[in-house]
Amino acid sequence: MTEERVGVYVCHCGHNIAGTVDVESVSRWTADLPNVVVSRDYKFMCSSLGQELVEKDIKELGLTRVVVAACSPHMHEPTFRKACARAGLNPYLFEMANIREHASWVHPYDKDAATDKAKAEVAGAVRRVQELKPLEPFIAQIAEPTLVVGGGIAGINVALEIANAGHPVYLVEREPSIGGHMAQFDKTFPTLDCSACILTPKMFEVGNHPNVTMLTYSEVEEVKGYVGNFDVRIRKRARKVNTDLCTGCGECWSRCPAKVVDTVYEAGLGYRTAIYRPFPQAVPKYPVIDTESCIYFQKGTCKACQKFCPTGAIDFEQEDEILTIHVGNIVLATGFELFDARRIPQYGYGRLANVFSSLEFERMTNASGPTNGKVVLRDGVTEPKSVAIIHCVGSRDKNYNPHCSAICCMAALKFAHLVKEKTDAEVYDFYIDMRTISKDYEEFYDRLLNEGTHFIRGRVAEVTDAARLPGEEGKLIVQVEDTLIGKQRRIPVDMVILMSGLEPQRDAKEIAHLFGIGCSEAGFFIERHPKLDPIATMTDGIFIAGACQGAKDIPTSVAQGAAAAARVLALISQGEIEIEPIRAQIDEERCSGCRICNNLCPYSAIEYIEEKGVSRVNPALCKGCGTCVAACPSQVIEGQHFTFGSLMAQIEGVLWDRRPDGGTTVYTQAEPVAAE
Amino acid sequence: MPEQDFNQYNPAWGDRHPVIVGFLCNWCSYRAADLAGISRFTYPATLRDIRIMCTGRLDPTFVLKALREGADGVLVMGCHPGQCHYESGNYKAMRRMALLRRTLAQLGVHPDRVQLGWASAAQGNIFTETVTRMTEAIARLGPLQWNDTINDLAPRTPALPEMEEVAHG
Amino acid sequence: MAKPKLGIYWAASCGGCEIAVLAVHEKILDVANAFDIVFWPCVMDFKKKDVEALADGEIDVCLFNGAIRTDENEEMAHLLRRKSKVLVAYGSCAYEGCIPGLANFTDRKHMMQYIYHDAPSMDNPEGVEPQTRIPVPEGELTLPAFWNTVRALDQVVPVDYYLPGCPPEAKWTLAAVEAILSGQLPPRGSVIGLNVTVCDECPRTKSEKKIKRFYRPYEIIPDETTCLLEQGLFCAGIATRGGCGALCPQANRGCEGCYGPNEGVIDAGAKLIGALASVIDAEKPEEIDAILDTLPDPAGYFYRFSLASSLLRRTRLSQENGSPTAQPVEETPRLDPNLAI
Amino acid sequence: MSEEKLHYAYYPGCSMSTSAHAYGSSIKHVNQALGLEFEEIEDWNCCGASEYISVNALPAYSLIARNLSLAAQTNTHELVAPCSMCYLNLHKVEGYMRKYPDLNEKVNQALAAGGLHYKPGTMHVRHLLDVIVEDVGYDAVAQRVTKPLYGLRVAPYYGCLITRPESEYNPEYPTHLDELMRRLGATVIDFPLKTHCCGGHMTQISEETAYELMRRILHNADEYKADLIVTLCPMCQLNLDAFQPQVNQMFGTNFHMPVLFFTQLMGLAFGFSQNQLGIGSEIVSASAALRRISEQPAEPEQRAPKKRDKNALPMPPAL
């Protein structure tokens, strides 16, 4: 091993480090480590003066390796790598020792121990840095088109922002129309403005935007590649309707004899035909045949739609299409799913006729809904005299979802208002905590308080129709502990609305896996940083927006959508991006082809070369996790920058004071031979 | 916490404290450790951490090396299952650690000395608890001092305890 | 010009290596012709004093087989090192401790207890144990001191070359001898053999691996053509230096690992752990434990030949109450089910 | 379910041969039909019922643990108790001993006095219903039905004990007995009070309270036109059956609501005779109710508005 010339710089970070760690002694001690030619301590290494200090020494003392002991590499590694590069030293020959977050800040009461630990971290870095090899970052070109998955309000906004900036966008939506949940609502809180009125124009705009290719009734099947260069395979399911001919006149569904419950758009409260357009303002306007319920597809006869279609657009033979697109960035806006209240049987949904889910009630209040906006019981005619609204159904409940669904309180207030507006029923609102955190929300709550809604604080135990006391017969009884008066109460009502929580899409985990991003146990996608980067994911080039990242309301989804668009636009205008060259490499000369590593790679970057009988890593696909490196039983896979040698050396370094020889002897691989 | 006397757990510590080598994954647990610092949580100064990209990179050799070089324990921490930045590296770590711990048990290394845990980037508190808990576990077990075992291999003087036994045997 | 001088010595080993030397068959005569054998107690009547009589470095090549288990072994190791120009650790015992090294799972105390007291076949009413010195009318009898721990040769003296194998294959013995005769020596400290693993020489078809459970050799009759590991049989071939020609896999049983770890590997066991655990087909702690339960005595499998030269070298010796004793942990550690959450 | 017999250690408890002998005898027949093998544990003692634990915990735990240690001597790790109280006590103490080392130590000291020891985690305590649902399985049960209980409207009554303290079934609104009854062909009514209190030993302390609790249950079952209540707990059965006259007397009601054990109904469906199953020994006779069993399957119970009503809104199907 050639003699490296290592420079070490210990940062005071004002008092942040120096207040606890004796930086001078660390730096003095470090000076005596093998191959360390200079060791300094300085007030603020990240300051321009601190950086110049490093650059100067590299030039004048001919340093071949640099260690800075300061804060977390996630903070300033890029800073000092750049400094090294400016002085002509390969930036990957730099190593950072974290003596702030990992030492001074966490051991404020034990200065000696903190100082010892700092020495250990520095010694580890000094040993490790000498084993590092120079690397060159990969440059990836950013393809211009962007893929947006999910045509809800968040996805629509991402698409519009990018398209308006003049770049091509593919908008993929699973359902026959874009619009998402917002299209199901009648009013939006707290302003109570008409949901359709504000959403429809946006749907229309994105649907007719020259830069937007809309792929509805379609799903992503495969994603390959990396930031800037994703190849995506999409299945465009057959509508059985030729959209070139269809005018959306509606003749077909008005003639369709098959009537089924619409569990998607009408939330199960209404019916639709087998060939249908989800809702009047649907974009695109074309209908789709649901072959499950279509009499022709089930029984082989009918074809009513085809007979009556004036343009002959119905095409029973139409097949799914598969298209492959090349995009530079991907934004996931796959939204949420409503908690299925039947999972809490004691609340009676699915058992007791007059227990409704929040989405059912949204449809009920919607002028174009199954009841034309009338608030009625399950019989479809009787107006309720009393209505109970139950919060946190499937939210803030360790049996189902620990998280708060964020929107239910406001939606419940909206419902309370609408019931008051449309009926003269008494409204009882059962809440745990009233969470009205955004602009004008608390004001809306005040307004409801004055409208005479009865707010009862307590989690409901059960909803039952087992009458016990006089006046309960024929009613739904809400059993609850009123925590403000500290009493059990039984409140008989005609109608119960369950404010079901927001859950991730049931296939969220598969989606996350498909796109190679992280996903919480619950199924919400994981952002790169919970505070500072809630838009990017850990996978470069893949961003998230809207409720797929966590329960959120419309304004927040719209904002996050715009933010995601901004991030994508930044990359597009850069045109290219540097990718860390941390990759695995197989020494084919020495690979014995045991194929242990073959199916370990989450990115299938390892291919087996049959004729040579060896495995090979495709650097374009490899993301450098190193799991194959650790698995290789013949140790012929090397993980760049986290090499076997560098980590073994670092272990010896951090244990300098524990090792028999006080950590002075340096041996990288072979065991020492017993001295004679 | 103020300076700790580890002899309360086990008198064998004398004037030194337990030393744990930590292998933290770049994406979750290392950031959790950063967050613990930013939040000014405190935990015993027993952990000396080494950053790896993913717990999937953890070659069991590193753990053995650390024990051999004088560590009293090794803590490996990664992202929660299902949250691995590389999708499944932490599952591989889970399996390797399971097999490693079984092997080490046969070599007389108590399983508590080699632990695996998870902490997401947002869980500085969990990181802190884990280090504190593990430190206590190891404090109770006492020093590992593998070198003593190694030195027993190479008795330089004929005045071996075993040999004296034999003499008076 | 005088023939180069050859020494062959046998420390803690089974003697198989001695036979392996003869396994070069008629070529042994060439060896006999090529060399002047100055020390080979196993086949000719040599004594220690004969070696002592030699000048330092007078032996050109010394093939040292066997591990270091007693003070006599160590003494001879030092002596032969001093007398030899080239000291070769011949065979797995000298190279990495081999089967004798498995004694490092216990210690002297426990071994003596079992062998001289508890063993079912032992009849020893007076509880006699071997002594290093024992006075008898004729004078004092001595025995080598028996140590806690078995060591590889290079843990006692520096070694020039290693010939792996239990025993080494004849072709490699010849290769070594020829190299030495021709003076074309590889760099000091190198292992004479391939630096790829047994898989490279193994004719079985290998594909991607997913292990649902392990089988003991008696539990199944493996298929002749597919990778044994894929059939759930433990095979150390993936982590074992090639050179034997994959003898065991070709006899339809798993490689045991007698050629030791591959080039650059420090701890063979660690490599097997890393590799095998990777291809276990389970993600739930209880499933993982269930599969691992089908692989009893993992340390025994992973360190069958290399325990003495592994990173930890032996079972822990704790110094409690003065006398060191080996202490394995009784219970098999289980995964914490919370890991799944 | 595989054909070879499922083997369990069996803790009958005090009621199985006395107040609930009908339960006991029906279990024997059902086991025979389902291939369940129960090995009664040697020299078992009282489970402490619901009172002892509240009087003096440690002796109570030791009393219960004694049964666990005896059970551990059988050649199985599965311990089944048909009585909810016995189940809960055994289950609870098994759990506590696993959870609290020092309790474990104390209890084992007590056991040691009798030359016994119990290693927590050895026995897996199960209620009979759980065994039938999980180990035998609905399908295997359905396969053995020869005389389906078509048209019989049963109110599935779980009582307060078996789904607590922790259980893989929903403690608020369990449905596994419902499903089991459906598989026998019976019509299961939605029974909101299925886990409400039967009064337990309140009958001995405050009759008013106990009878009111029973009235609610009987009333609810009656309201939904149940032919009978099916239960899985000797105490529930005893209360609702034996005290029904007193309830009627106190509230001037006229309930005639037979209360049978689920194993009795299983036995019937499997084709055993009524007296083999101890039917007839109940105080409120079930004979009238059982005569309503018809040849034809009945419409499933759905309390949604009728389909023909054109205004009616669709109702989500039950999960």
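By letter and in written order, the chains are A, B, C and D; residue numbering begins at 1 in each of them.
Rule of thumb we're sticking to: a contact is a pair of C-beta atoms (placed from the backbone, for glycine too) under 8 Å apart; a residue touches a chain by one contact, two chains touch by 3 or more.
Keep in mind that this is a model prediction, so the values were computed, not measured.
Peer 1: On a CA-centroid basis, which chain has its centre farthest from chain C's?
Peer 2: Result for max centroid distance from chain C is chain D.
Peer 1: Between chain pairs A-C and A-D, which one is joined by a greater number of C-beta pairs in contact?
Peer 2: Comparing A-C with A-D, the pair joined by more C-beta contacts is A-C.
Peer 1: Can you give the whole-Å distance between the Cα centres of chain B and chain D?
Peer 2: Taking the average C-alpha coordinate of chain B and of chain D, the gap between them is 50 Å.
Peer 1: CA centre of chain A versus CA centre of chain C: separation in Å?
Peer 2: Using C-alpha averages as centres, the distance is 53 Å.
Peer 1: Just curious, how far off is chain D from chain C if you go by their C-alpha centres, in Å?
Peer 2: 63
Peer 1: Can you give the whole-Å distance between the Cα centres of chain A and chain D?
Peer 2: Here the centre of chain D sits 46 Å away from the centre of chain A.
Peer 1: Note the residues in chain C that touch 2 or more other chains, in rising order.
Peer 2: Correct list: 155-156, 266, 271, 274, 278, 341.
Peer 1: Considering chain B alone, which of its residues make contact with at least two other chains?
Peer 2: 59-61, 65, 80-81, 88, 92, 96, 150, 154 - these are the residues of chain B that touch more than one other chain.
Peer 1: Give the residues of chain A touching no fewer than two other chains, as numbers and ranges.
Peer 2: Counting only residues that touch two or more other chains, chain A contributes 521, 600, 627, 630-631, 648, 674.
Peer 1: For this entry, which pairs of chains touch?
Peer 2: Chains touch in the following pairs: A-B, A-C, A-D, B-C.
Peer 1: Name, in rising order, each residue of chain B that touches chain A in their complex.
Peer 2: Touching chain A from chain B are residues 1-4, 17, 19, 21, 27, 30-31, 33-34, 36-38, 40-45, 47-54, 56-62, 65-66, 69-71, 79-89, 92, 96, 120-122, 128, 147, 150, 154.
Peer 1: Along chain C, where are the residues that touch chain A in the complex?
Peer 2: Result: residues 78, 81, 154-159, 189, 195-200, 206-210, 227, 237-239, 242, 262-266, 271-272, 274-275, 278-279, 309, 341 of chain C touch chain A.
Peer 1: Note which residues of chain B are touching chain C in the complex, please.
Peer 2: 59-61, 63-65, 67-68, 80-81, 88, 91-92, 94-96, 98-103, 105-111, 116, 118, 144-146, 148-150, 152-155, 158, 160-163, 165-167, 169
Peer 1: Over in the complex, which chain C residues touch chain B? Could you list them?
Peer 2: 71, 105, 108-109, 129-133, 145-149, 151, 155-156, 266-267, 269-271, 273-274, 276-278, 280, 282-283, 285, 288-289, 292, 295, 297-300, 302, 310-319, 322-324, 326-329, 331-333, 335, 339-341
Peer 1: So in the complex, which bits of chain A are touching chain C?
Peer 2: Chain A reaches chain C through residues 521, 590-600, 613, 627, 630-636, 648, 669-671, 673-674, 676.
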